[in-house]
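Order of writing sets the labels: A, B, C and D. Residues in every chain begin at 1.
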Amino acid sequence: MIEAYQAVVLVPYAAALVLAAVPGYRVGAIGNVIASAAAFAAGLWLMLGPPTVGSYAIVDEFNVLFVAINTLVGFTTALFSASYIGHEIETGRLSPGFLRFYHAMFQAMMGSMNLALVANNIGLMWVGLELATLITVVMVGLYRTPQAIEAAWKYFILASVGISLAFFGTILVYLAGQPVLGEGLQSMTWSLLQATAVRMDPALLDLAFIFLLIGYGTKVGLAPLHAWLPDAHAEGPTPISAVLSGLLLNVALYALLRFKMLMAGQPAALDPGPIMVVMGLVSLIFAAFMLYQRRDIKRFFAYSSIEHMGLMVFAFGMGGPLANFAGLLHMAMHSLTKSSIFFAVGHVAQAKGTQRFAEIRGLSVSHPRLAVALALAVLAIAGLPPFGVFTSEFLILTTTFARQPWLALLPAFGLLVGFGALLLRLQDTIFGEPVGPAHRVDASSVPMVLHLMLVLAAGLYLPPALVIWFRRAAELLG
Amino acid sequence: MKLAYEISHLLAGVMLVVSFALLYQQRIAAVLNAFAAQSITLALAVAWAAWSEDRPDLFITATIAFLLKGIVIPVALHRTVTRLGVHREVEKVVGVGMALLVGLALCGLSQALVVKIAPVAAGLARDELALAMAIVLLGFLMMIVRRNAVTQVVGFMSMENGLILAATGAQGMPLVVEVSVAFSVLIALFVFAVFVFRIRERFDTIDIEALDRMRGDRR
Amino acid sequence: MLGVYGLGGALGVLAVAALLATLTRSALALVYPLCAIAAVVLGAVDLHVLLSDGSLSASLPLGLPTIGLRLRLDPLSAFFGIVVNGGVLAASLYGLGLDRRTELTPRVEPLFPIFAAAMNLVLIADDAYGFLFFWELMSLSSWALVVARHTDPESRRAGHLYLVMAALGTVSLLFAFGGLAGPAGGYSFEAIRALPPGPAVAALVLAAALVGCGSKGGLIPLHAWLPLAHPAAPSHVSALMSGVMTKVAIYGFMRIAFDLLGPPAWWWALPPIVLGALTAVLGLLYAVLDRDLKRVLAYSTVENVGVIFVALGLALAFKANAFSAAAAVALTAALLHVLNHSWFKSLLFLGAGAVLHATGRRDLDGLGGLIRAMPRTAVLFLVGALAISALPPLNGFVSEWLLFQAVLAGPTLPQASLHFAAPAVGAMLALAAALAAACFVRVYGTAFLGRPRSVEAARAHDVAVVQQVAMGLLALLCILGGLLGGPLAGALGPLVREIANSALAAGGGPTPLSLVAFDARRSVYDAPVIALFVAIASLTTLVIVHRISERRTRRGPAWDCGFPDPSPATQYTASSFAQPLRRVYGTVAFAARETVTMPPPGDRAPAHFSVALVDYAWRIFYAGPARAVLGLAQRLNALQFLTIRRYLVLMFAALVILLSIAAVTT
Amino acid sequence: MTPAIVVQFLAQGAQMFLVLLIAPLAVGVTRRVKARLMRRQGAPLLQGYRDLAKLVRKESVLAESASWLFRTAPYLVFALTWVAAALVPSFASGLMFNWAADVVALVALLGAARALLALAGMDVGTSFGGIGSSREMMIATLAEPAMMLIVLTFAIAAGTTRLAGVADFFIAEPIAVRVSLALSLVALVIVALAENARIPVDNPVTHLELTMVHEAMVLEYSGRHLALIEAASMLKLTLYLSLLICLFVPFGMAPAAAGLGGWLIGTLAWSAKLLLGAALLGVWEVSIAKMRVFRLPDFLGVAFVFAFIAILLAYLSRGATV
């Protein structure tokens, strides 16, 4: 009998193998959707099941949340991708052969991310995360334009260095665990490490955390480790941008948080809070400023992702039940909203045949529905009600102010600067007289609308079950 | 046990010295030779660990290090460099003296960090950890003080040598072999990419035209 | 219970209106009737709650977990609810007169009910999350209305500035509520009341609330968006934004400062008083120098918000010193001014809308003579203009009078800074009142009087009857509010007593309708008696004069000291009217400089005259920061174009710095 | 209606007619004093009444572009000024109007009259009307803050803003010259000069185009409309004189409870003081020249500064009561 946690990993991997063998991009696309749906079902199954701790896998309130979001967004992205890539074939940007590869890689990436999430072993988690990263490297370079190759190359190098540093950190964690837990697998097992953290050497843990922070922080997109992120988002296929922003960053953050939990277990160790607060703020404010000079719509929203990852890292750095709760909520909301923004941007790029802001004007005249959806998504990410991002930002800012009033000015400043840029670009794209071509949009709007509905619903009402989950996860974070 | 430790310590020390040599070398050919020397030393260290601690699977890692990083890659890179005609001086960002000073500081930093660890707390001797960390940091330093793509690849591989050293030193750490294999694949990709995408001697592009063409968001 | 159903039902109607208008274009015309109905129902419930001094509350399992969405309609909310729904009703009536084919668009009508509902919901929210949620929704929907004319770059600019400033305000309010709720996150107002913050936190909360509400209300220097955004929206929406939404900001401040923050300290009063007084004077100086009809009105809103803040500040000062009677006067002044301003400002904006509709122009120097072209609008606008100038016997004066009474009690305050502030503030308010009169004489004189300065103004015509009704209703309220100030203050008694522990003595004056501050021996204003005597006096004079005189009237060309010129261009324009004021005040406030280039005698070249003004508030608080942000953005942008090696340097540096930190910390 | 109220009504009516009656005389006195000091014969004291009578009977010429506002304004301006003038206690402090409005309302009533007149000035659409209106409103902005401070000084001293209350207070108090009141007096005189368009702020007899303020505003009026406006400005002068009397030399005024006898004495005292004041005005006007319009802020600034110092001194001299 297969377990749910096995299913979320094995279903995508199996699908990857099958899809690699399936000719015909339509069949591949459908297969991709079915496989993602199956993974999503497995994710739901996992969510309903009891927490389990095995020697290789762990399922607790904390990662179940991530798996659920991961599989959900994976599913909707597959849906979006199925309707989107037809257009890429038509315009000749991709050939059917590449699509076969694309679909297989998509599933492999989903499987790797799920692996990183459910792994109860720091090495396995590292493997999953790095595998997912390397696959996205390949996906980013899929169009094989000079820009795409440049972006992929940059991503590859920075990610490789990150991989190495994270591995070094992993070794250090093992070294810290080994005198306590003994040699072998147990010293790499999450659940055991965490339980015995208090007996580990604090200086070694400090060292490990710093390497892990830089290593995984590269994937989270924290400034100044972010450089790969905007270009990778801008040059890759739009579904991949959605998955990058919506999921991969989360998984990396998840890894970081796991280690933060470990650090919290040893009071004598460095408090990761202040470091995370600083890095989060640097990312948040830096990305907010970077928004102003962007000319490419996808790169723009990539920077917005850096901004929001910064905010989350800030919130987790603040710690405490409210801030952690808010951080987790923000993560969920950001995943849904940002991926829906990338869906919308994909539509826009199809409609206007360009990603450049200067050539996107007056969408509310030429494509009213698309403009409304884009506007709602952007306003949602800007933290306006009635969307869920408002809820999380409300909690983060109020609780920060209540605890450290002067510190609260900084994230507020960053958010305001970013808000100015978001609104400016939004107004420029949807208002005014339209310019340039106005093509028909082929891609399905269902995923985008679905995400927006979820974010809207979260802004209005958080189901108690979800709240309990978030709360337990927040407690685990300490 | 004492002797076993002394030998592994010696080998690690040699690797660190070679790391400095890597920083010091001016010509690409010399850099590649130094790297080959470091990789072979690593192979010896890993083999010694495999033998002395009776972990035969580590011989695989040692073999890979020896064959791939000690022979195949240096030779391949030699050829490439000759073919592309960039085997002369390597363009450096900071002077050799400066680079060595920074390297020394990094060694000091790793020593300072390791000293704080209680002697019995780690599954690896503290000074060996310090050596491995220094090698990793020096590899990273090498990546950023040279403008040449080949030397940067070498820097990355040197970093990875440090990682493998630490991983083999960590007693009883699982998955070391698998990871070393994975890293080798990564390095192969690296080298492959240098060939295929013609990212010739520089990936530190300072050519404005190239920037305009390649980097997004300039338009 | 009926009240709760009424509220729910009316809000439901608004939601339905928004939904219908979103779904089908043919339902656009349904929006205004539905909004009018909802406003009447909501207003009735509010009125009931205010007069019965009760409260309605409900709790919905929405919003924040465990706290839920708490709603409560208490007398304070109800009072502001009356303000809001009066405005919504008038604006909806005005909207009924819009042309179905040309003036209804899916960019405006679906958002109108949302805006109306959001304002109502802010008032009845009983927890911090709900308050801010609806507050921001209010900003968002009004932003969409501001950018409805999206092809106009000015509208877009106004919209951008507006929403950014709104976000600034929201963030400040987030801080305020964060401080109030405390680290444990007691976000419901109930929990906040039970556990008011300590003095240090209270100071921060007050500052944040002042920024948050001040930015929405237009407190200088947070005002700059207001004269851009309010005029950019369609006129009936401008009326709502200026007349009503600014009052929601006042509500926010009152809710925090008088209710949630616990008993006041005397120094809380200083910032609102000082900023309010500055705002009142500067707002009008802006207004009196501006040439755009709607912008003048918006600047005048800034002034009135300043006046209200002064009154609130005084109320805080008196309350902190337990001078209940004086606190009651100040508070009643504030509340009445809120009510009055919502009426006459809505009236004036609707009037401006009528002018805009009839002539297509908003520039005062292009209008003129509308008193003949659109006689009814002219009469109604005149009522509004006189009311806003605080002239008796209209309603603006009632609140102004009460406010002066409160200021006159200021010297009794024990704190030196306050009792020395009182005369200064009194003088500034007097200056503001005089400037307001000058400003509206100027507006009315150039737009409605004189001779038309453009073809459009000459061809203007009155607007639809229902729009006249909307304005007429407000004008009637301005007159009634002026005459019945005493009873109105009496009706606010319970609310005022709840906050200030005292209320104005109702019916303590010489006549049942007189308005009494403190006691009848001290200060009385009996508007009905005065109005009656003015009416009797003018009618008697009319009769007598007509009896003795020959009653002959001849029409002739204007005398103009013997140099009549038929060209309308020779009339005084809005700019020329403002010239004395500009010379007297503008040189100080805006560094106004006049430059005249006169060609030498014999030269036929035209002479040139130009005026240069410096908007210091804009330069310091807007242009400066904006330039700093953009400049920094440009500098940081270099980081997008680094080489990979340099990015690795960044990464390396981050690693080494963190390692060094770990090395030095123990 | 009880008889007391009827008496009140009658007394109030009597006061209204009294101020109306005496206003042209006061102007006549001023003019006469001025003429005499300039070695002229001058018009008879009753010339004011004759002027009004003449104007009322003459036909009115309206500009073609004048609207209804132009024709209505004189009546309203007159009525507002009249009621305002009647608000100032003259011979007695207990009259009906003394309870109906305080000094703040009084200032506002005058403000309403001024605003209406300024509007009327702009109605015809001539350059002179505009000049007059804009300058009039500018002067008002300078005068009102000073006026407010003066009011505040009295409110601090007397604890009330009702003029009758202030008068009662000063009648009851032992005579004491206070510096603060002296400064207020100077300030109030300056404000009164400005408000009444007297020299040096404005010249009521000039029609020299560029210096006119008030006269420019009413330039288009003729006949009965002009009569009303002239009457209104006479009333305003009377009002301010009576205000000065009421605040600074209230002696002789009948207290609230006084009977007919007291009222009679009060009337005599008030009339005498009023005419004396008018005469002093005449003396003042011949001894000073008119200022340029943009010197006015300095002049009125003096009033403001004096009034402000008066308040500070008032703080020092006593703590006021609520």
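As a working rule, a contact is a pair of C-beta atoms (placed from the backbone, for glycine too) under 8 Å apart; a residue touches a chain by one contact, two chains touch by 3 or more.
Given the structure is predicted, the values throughout are model-derived calculations rather than measurements.
When the interfaces A-B and B-C are ranked by how many C-beta pairs touch across them, A-B comes first.
Distance between chain centres (mean CA atoms), chain A to chain B: 31 Å. Our note on geometry: chain B versus chain C, Cα centroid distance of 68 Å, whole angstroms.
The centroid of the Cα atoms in chain B and the matching centroid in chain D are 98 Å apart. Centre-to-centre spacing of chain A and chain D amounts to 77 Å, using the average Cα coordinate of each chain. Counting only residues that touch two or more partner chains, chain A has 153, 157, 161, 165, 203, 206-207, 230, 293. Annotation for chain B: residues 113, 116, 140, 143, 203, 215, 217 touch two or more other chains. Of all residues in chain C, those touching 2 or more other chains are 640, 644, 648, 655, 659, 662, listed in ascending order.
The chain pairs satisfying the stated touch condition come to A-B, A-C, B-C, C-D. In the complex of the two chains, the chain B residues touching chain A come out as 113, 116-118, 120-124, 129, 133, 136, 140, 143, 156, 159-160, 162-163, 166-167, 170-175, 179, 182-183, 186, 189-190, 193, 197, 199, 203, 213-217, 219.
Against chain D, the residues of chain C that register as touching in their complex are 323, 325-326, 368-369, 371-372, 382, 386, 389-392, 397, 400-401, 404-405, 407-409, 411-412, 419-420, 422-423, 426-431, 433-435, 437-438, 440-442, 444-446, 449-451, 509-510, 514, 518, 520-526, 529-530, 533-535, 537-538, 541-542, 545, 548-550, 552-561, 564-565, 568, 570-572, 576-581, 583-585.
Interface residues of chain B, counted against chain C in their complex, comprise 93, 106, 109, 112-113, 116, 137, 140-141, 143-144, 147, 152, 203-206, 211, 215, 217-218.
Note for the complex: chain C touches chain A at residues 61-66, 107, 128-129, 132-134, 136-137, 139-140, 147, 150-151, 153, 156, 159-160, 163-164, 167-168, 171, 174-175, 177-179, 181-183, 185, 187, 201, 204, 208, 629-630, 632-634, 636-637, 639-640, 642, 644, 647-648, 650-651, 653-655, 658-659, 661-662, 665.
Chain contact summary for the complex, chain C toward chain B: residues 640-641, 643-646, 648-649, 652, 655-656, 659-660, 662-663, 666.
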